[in-house]
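Two complexes follow with subunit A in common, the first pairing it with subunit B and the second with subunit C.
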Partner chain A sequence: MKKASKEGLQYEVVVAGGGHAGVEAALASSRMGRRTALVTLSVDKIALMPCNPAIGGVGKGQLTREIDALGGEQGRNIDKAYIQIKMLNTSKGPAVRALRAQADKRLYEDSMKAVLSATANLEIIEGEVARVDVSRETLRGLWLHDGRYLATRTFVLASGTFLRGKVIVGNCSYPAGRVGELPANHLSRSLEEAGIALGRFQSATPPRVDGRTIDPSKMIVQPGEELRGGFSHWETPAPRTQVPCYLTYTSANTHQTVSEHLHLSPLKSGTVSGKGPRYCPSIDRKIINFPEKDRHPVFVEPEGATTHEVYLQGLTTSLPVHVQELIISATPGLERARLIRPGYAVEYDYLIPEQLTLWLESKTVSGLFSAGQVNGTSGYEEAAAQGLIAGINAALSARGVEPFILGRDQAYIGVLIDDLVTKGVDEPYRMFTSRAEYRLLLRHDNADERLAEFGQRLGLLEEAQLQAVENRRHQVGELQAFLDSTTLRDDGQLNAELESMGTSPISEPQTAGQLLRRPQVALLDLMRMLEASGHSPGRYDEKVLEQVEIRARYDGYIQRQLAEIRRHRATEHRAIPPGFAFDSIEGITVEARDKLTRLRPATLGQASRIAGVSPADISVLLLHLHRAGSEGAGTSAAISQP
Partner chain B sequence: MEDGSGAKAHASHSSVLVVGGGVSGTACAGTLASRGLDVRLLSGALDSLGVAEYSPCFLPAGAGEERLLLGSKEPAGLGRAWFENMWALPGASWGVVDRRRVSIRLKEWVEEIGVELRQGLATTIARVPQGWLVGTAFGESFTAEVAVLSVGLSLGGHHLIGEREFPGARIGEVPSEGLLQALKAHGAVFDTGEERVGPRLWRLPDSIPPFLRRVQLRPAGTLRGGAKPGTSRLAFGRGPRTAGDQYGAEYLEAWLAPTPPLAGADVAVGQTSECPVGLFPDGAATGEWYVSPGLEQQVVGAPLSRRGYVVRGLVFGGEQAQDTQERCATREVMEGLWATGWLAGAGHTSASLLSGIACADAVERVIRQRDGRRAPR
Partner chain C sequence: MVPRKTPASEPHIEPSQMVTLETIAAISTAAGPGAIGIVRMSGPQAVPIAQEVFRPVRGGADRVGAESHRLLYGHIVGPVDGENVDEVLLAVMQAPATYTREDVVEVHCHGGPAAQRAVLAILLQKGARPAEPGEFTKRAFLNGRIDLTQAESVSSVIRARTTTALRAAVRQLEGGLGDRLRDLRRELVSVLAELEAGVDFSEEDIDDLDREGLASKVAQVCRQLEGLLATAFTARALEEGVRTAIVGRPNVGKSSLLNALLMRERAIVSEIPGTTRDTIEETLECGGILLRLVDTAGLREGRDHIEVLGIERSRAALDSADLVLAVFDAAEGLSDGDRSLLAGVDPGRAILVANKIDLLPADGDGPAKGEDDWWKRGWLTRDIALVGANVLEGLGRVDQFSPPIPVSATTGYGIDELRDAVSRLVLEGQDLDLEEPLLATERQRHLTEEAHNHGQQAVCALEEGLSDELVSEDLRAAIVSLGAITGESIVPDLIDEIFARFCIGK
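So, the complex of A and B:
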């Protein structure tokens, strides 16, 4: 190759970064038929799990389910690679139930890479994206570090922690995106020159020790569960032997050790210029922020079936290594634990997410999308969700199709993206169920019902997959109708059964549907009672039964949330025309005008969530929209009934 | 913390410290541990343990050394990790390894056999009364009686793609500057080492150059029997597949450039001790293909996942070579400091592997002699 020339390779979509966001973006775009290239610093490090060896958990599990329901890959991949799985919060309501699985890290990577290898329209290029070629606020192409030029109009940035990355332990640091791996040091400047603002964040990971040197007798064993399904809606995971995790707690000794060495922490000594996550905080931070707590949980998690390394969740730290060893040995059960990998912090550039639209495209450079940790999030699930949406929208944008947006009332993915681009982030963002005001509707058990249709329309799911979801929806309706129209009377036996279940007897006939509302009445028992009274409820699959039961049980709450959504829908999705002159609105506060002008929300709903914009400001805005004669019913093709 | 800190002060010392977890480093560390020695392996990339960095081709190291590969000296686990993930052309004397699988098996073996693994980037080295001290980028210190350097071409390493030069022995690798300076300060003398690496294709091109002939590579398995003395051909035999093998493949395809037939050989493709030229699968689970450096120009138009490059680094050279064990490229660079693998002049993967084993032999002798001389405890 002589001089670098503009006649490079032609791709419809280029993705930079082979982490959890990058692979989802690349797969979505290729599966939608776009010629796609995934550029990565190392083809040997695709879909790595550099931190927690797990997928799922409260809030995160819901994201993975939704990714799968749309036709993304993370759910299927963890199903191939898990060494432990369990359902969290089974005793609590369905809104907070979530799956969590421990992964064999190597297998997770290999499985994902195999999927990439087998995907048409996708090429992988080892290289570093060094410069974006932007003219008149539109992307034209990308320059790689080695001089190659990739001509493309659509780019998904998914660089994770690699932009000007630096790894830190105590007062030692060196440039790296992860330990031992060179960072991407060129792109940040090019992005800034193109008008994109970057911030600086910090994330950390705990030490790994040799699992043979821990003392499980001092810990509480945490086994997996035999579940019939995994994360994926479309395939049943292969049976396997599960491995346990272990739970221990820090002791007063641990806390004392940390306190004695706090002055060596990069946080206190001021080395770290970024902010760290509040939600998986380092042990040093926990001790500083919660001095009244006398113990913190430490979960010992295996990292794979072929290694003895275990991950110490809860002991995230970037204190000097000798201090890490002291902290570990001061923790019950870890007295003799041998350190294999020290914990460390990584500091990196992130793209300030308020610069992105609800479909993750830059408001400054058309054709530039961004997804994952580079947007200020933490977690593989948060990254993958953004990667999927960015990849879908990059593919749509490449052919001039309207963007695909999920609302807060449709998916956790919607909540995630809206939170990021509307409210921004002060520290790396992590998903919780409490962030979703409609969490009763956005459940683990109904992700496919909410989203499979979009997946199929976009080309990420087969017709047959959608059909299976439709069939189930139909069956749910059928069974519900049956229960609501079948009356049960007391014949002596019924009331006796009800009492034995711990619920009150009936004095007048009730429909089966009404009885099902009682938490003590399980649907399976009810079906049996119906059969005993001569009715034929029919045979249904357990997923159908689960749905019917949940709906009956929480009907009141569900209806209220649906009503609320309907009430808000008019305002929530009321479109604000692009180019709307916010700065010419009178009657709103200076701060509101300022924020609106800067952030340019696409809908009234988004506008209402901007900090500094009050309900009164929204009313004024609505008035102006009326006057301007706009009649938007929604900016996206995706708004539909939940 | 009465006993704690005292014990920890000694916890970073071992009899042997191997710096660099590549082909030779893992072989050396694992072999020493299998013989009961106390050995720590410090690697900057624990997830790439034992990865053959450049080409997936595995060549015989020549006539005499082959015995080392045939179950006489190397530990069984080491042999299995390599040969159960190797695919070979029947009748020829070379194979192709699944680098990823080998790496996973090697890590498993190295953990099992009792090597103390440690993630760390070595940035300095110094002679101390106990032997040698190696410091890491995170401020850790490790001491050992004997230190083995198996850092490949990363000393002063850089790679060239086209006409441009980039830091690190390969893309993405953090170079070890400090280590090089420290060694020079101790009087080490270096030569330049160089290796040309072919590109990789993300998938097979639609049309393969017509002069390449398709062949079938079969699983090499564990070696049986052994090569006849004086021959230059490795006897690959069929062995048990590794547990959890997901390939299900009876064979892997490769495309070879023809070479003149050897006298007496009944297979006209492949060469005995030189690198075969062609397209080789870079593992059974990945779709990537390795292209021999000479063939780059002929496979234009196909999607390249990795460009070819030339890697240059420093290797120990000059008059300091005191003891090259047979022809297995290992040497004691200074008292108690050994070099093995690429750093010691090994030219390819199998030579590195043999070098690591030979280094373990030599280091074991040194340690046992010292133990013998010490007063009984």
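So, the complex of A and C:
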């Protein structure tokens, strides 16, 4: 490294990493008016999808919708780049429905890069952040490996799988951030010197084969769906011809091949030391853990319109390449498939996330934020969600404004971050809807109603966008009120209709609202019945009707969750002042005191979720907070206009 | 760090007051049979709930709350058929001139513990929830009723009460109840895992749900919970009395003390150390409080197998006791054995008993050794505390314990004072709080009942064909309720279960 000079460039916010976390962070910060630099190892590889060519899925799709509702980019970008889209879980209720789209990877990268390039206040720099300049526990700037110095007080680390990255295929391993890319080998030490603790995780990806060499006739076609909208709340995606995926299953032959070569698996040989995710088991792992299953699904997914590469979801492995070829050709429909890219595993440093605050800033080094895979998660959506929040908070912090935190009762993003920083991780974290206790409220369909106001107040959405959301909310209320105040009685016709819908006739007059609570009664039919009996509900667009129907269906359950939220609200959002001396609290268990001192929770709610802290400890903590006489007790401050 | 920062609030739900809008209720009488039981309620719903469940003998329900701090005479009526549950006095105290500064309603029950529990159950049905340990005090504090400078002592009250409640809760879960609840919870988690695997991994190769099978599994759990509700949860503290263990080294006179307190020869007494081999239980009423007295085998290194077993039981009795009478031989003084024994005793719930005081050598105007009827002379009128202090001085101070009560089990000297000391500690002692064990039991019962109700809703939801995520809401609620008893949290368990059972992922 050249002798560094501090006479470098000055930025309000610097983001390291042009992955899914980094781009959201850089966009948020620059859109909020901060002078921002995005430093990344290769400007040719921005928003690259190193693993599956898809965005969304159950849980993850909700994250992308929330990102979009706050003014982030992921939703809009996948809408531009998808080659197939689907709504999942349509056989279940609206709360667990989610979109999933197959991406044209190249298009995804290019359109994201175009957006970055067109964004004011944002400069893209190719380079490797090699050292953090920290003094008195505060970030002062960054050294790049090529000797440049960037002066900044706020830094978002979004280095993905690159810190001391190591790629493993079979018994061969070498330093790399991903196959074909250099690792970032310098930054880890500098972070450790600044007092930040790192851990080691691992993740793997399946082989890609040539789409012209697969045999679709032996597989099940999985077409896309014509949907009304895409991920974005704000723009309707352009119509396009969708590309199908295919489903095949491993055979006894495949399993035999894997079993015969298990001794070569990095799992066995110990080449892989970091912990991998349970929800992404390699085919080797599946066969070890579930010997009784005689087949496993393999989804064959195209990676784009201008490439023949197809992704074999289900065949993740880092067995030696010749074994990968055997496994592929043992699988029906893939007998002749030609391997293009071998599957591999990557091992990397992550930052132990309990060291972070709820706004993703380090508790050790002021001004150091981090987001994405480097925080112990996996997945594009999880990365982007954190990137957005870290970017927003870096921008707020650069201005000395209070941080922006989403609660567990407001967004999956809130669940994600609270889980990470409060409970920590012991495998790469992925979102599931079952992690959210208020799942019925945190829906795909109402992300904008939950979050757009924040987006607008933060400066990431236009006033008009928020206005559209508010108008709809208003219309929903109007229609609900109409239904609840309109009484229907049987005129012979009504009961006949009800019976034909498969629900019981009414004997007493009922409000339309009551009828709508019956799962068999669709709102459109109800509206028709209302018109027929001389009532005129008025005209509403589909989104309004959808909301009214969902709310009626979930009514009792939603009321229960809201009651639950109100019950916890007082403690949940009760702020704990930053310098609070947890170690001086009398009357709580030693374990609770140690944990609190170490984790320094920002709210009472967060404190209550720390393992080893009991309700009694929380009561005592609350009393001490009162005694500490912090002002504004009991109410949580509204976010300030940035 | 930059001085910071409170979290943002969401736009559409108003930030609420510090103290929640919930109304809490608990039985708050200290003592056992005979005493009047008070069931107390605090919070915004206290008065409306009282109006619903109380029927005054004179006038209508609107008399309730018409006038603050006034006693009304009438009945608590059952929720279903309006039958009289108990004859009570009702006191409505309106905020802010109350202990918690919220509206407080006290129901002074006439009947025994069973009636109090019935009254509490009705209040809970109407929307109150069981108070947590020390919660009335906590609210009093939060609402500024108690001075800020008292924070420390308030928190120690909460801590102490929690400890007592915890001890009671743990005791409650002994004898297999805890294991059964854990098993039932696990069963529900496994059902939930099947539902959730289908929700979160809908594209994976997961077999279709067997809704009928799941419904019957959950129904089975519900039946078992019902069985537990019918039998397992009794408020032991009131029904059985205060568990009082008499402990000490061999031969200090524990069995003699039991006999003296009972005023009959219940236990065998002999001059051979190690006479009592197994614990002996007897009940005794003492100043309106029911004591469950347990005489134990003297604590020392066991000489034979049977003695070792007996000593184990002594230790168990000591650990689970609400109150400990720690006996030592006043004539011999506090030995090392006594001291090490005392090290394992919580001073807050123990009374030191200096037995065989009659053997103490005469000094000055004290009684002479062997002088049989010294306690009948003028000497007796001397301040007992002074005697206690003298004894202490002779023995060397034992930190933290209150002065020992000097008694003679054979002559009966000091036995009345010991009774007084016991009832004082039970009624006034912070650590020895009968509300809390009761409360603990009540909370467990309430939680079990909740779990049962949610379980049944899940069964209905499964049978009626409601979608999976709604069934899962009910199941989760049931699991969370049981977890609040067994101390287990849902998400990690659930996710472990899903990954252990299903082969999921790419």
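The criterion applied here is as follows: the second predicted complex is superposed on the first by the 620 of 642 C-alpha atoms of A that agree within 3 Å, B and C clash if a C-alpha of one lies under 4 Å from a C-alpha of the other, contacts with A are read in each partner's own complex, and residues count from 1 in each chain.
Please note the rule applied: contacts are C-beta pairs under 8 Å (C-beta built on N, C-alpha and C of every residue); 3 or more make two chains touch, one makes a residue touch a chain.
Keep in mind that what you see is a predicted model, and the values were worked out from it rather than measured.
J.: If you stack the two complexes on chain A, which partner ends up touching A:373: first (subunit B), second (subunit C), both, or neither?
T.: Touch partners of A:373: none, neither subunit B nor subunit C.
J.: Applying the document's definition of touch, where does A:88 land relative to subunit B and subunit C: first, second, both, or neither?
T.: Only subunit C is touched by A:88; subunit B is not.
J.: More subunit A residues touched by subunit B or by subunit C?
T.: C
J.: In the overlaid three-chain picture, which partner chain does A:58 touch, first (subunit B) or second (subunit C), both, or neither?
T.: second
J.: Thinking of the overlay built on chain A, is A:123 touched by subunit B (first), by subunit C (second), by both, or by neither?
T.: In the superposition, A:123 contacts subunit B only.
J.: Overlap of the subunit B and subunit C footprints on subunit A, residue-wise?
T.: Dual-contact residues (subunit A): none.
J.: In their complex, what parts of subunit C are in touch with subunit A?
T.: Spelled out, the residues of subunit C in touch with subunit A are 1-11, 13, 15-22, 132-135, 138, 141-142, 148, 151-152, 154-156, 158-159, 162, 196, 198-205, 465-470, 472-473, 476-477, 491, 494-495, 498-499, 503-506.
J.: Could you pull out which subunit B residues touch subunit A in their complex?
T.: Going through subunit B, the ones touching subunit A are 1, 4-5, 8, 11, 44-48, 51, 100, 104-105, 107-108, 111, 116-121, 137-140, 161-162, 164, 166-168, 171-174, 200, 202-203, 285-288, 303-307.
J.: So in the complex, which bits of subunit A are touching subunit C?
T.: Per the touch definition, subunit A meets subunit C at residues 52, 58-59, 88-89, 91-93, 95-96, 137, 206, 249, 277-281, 286, 289-290, 293, 295-297, 299, 313-316, 358-359, 363, 366, 397, 400, 402-407, 409-410, 432-435, 437, 439-440, 450, 453-454, 519, 554, 557, 560, 562, 565-567, 569-570, 573-575, 578, 586-588, 602-603, 614-616, 619-620, 622-624, 626-627, 629, 632-639.
J.: Mind listing the subunit A positions that touch subunit B in their complex?
T.: Touch list, subunit A to subunit B: 1, 41-45, 48, 106, 110, 113-114, 117-118, 123-128, 145-147, 169-172, 174-176, 179-182, 208, 210, 257, 306-308, 320-322, 325-326, 329-330, 338-342, 344.
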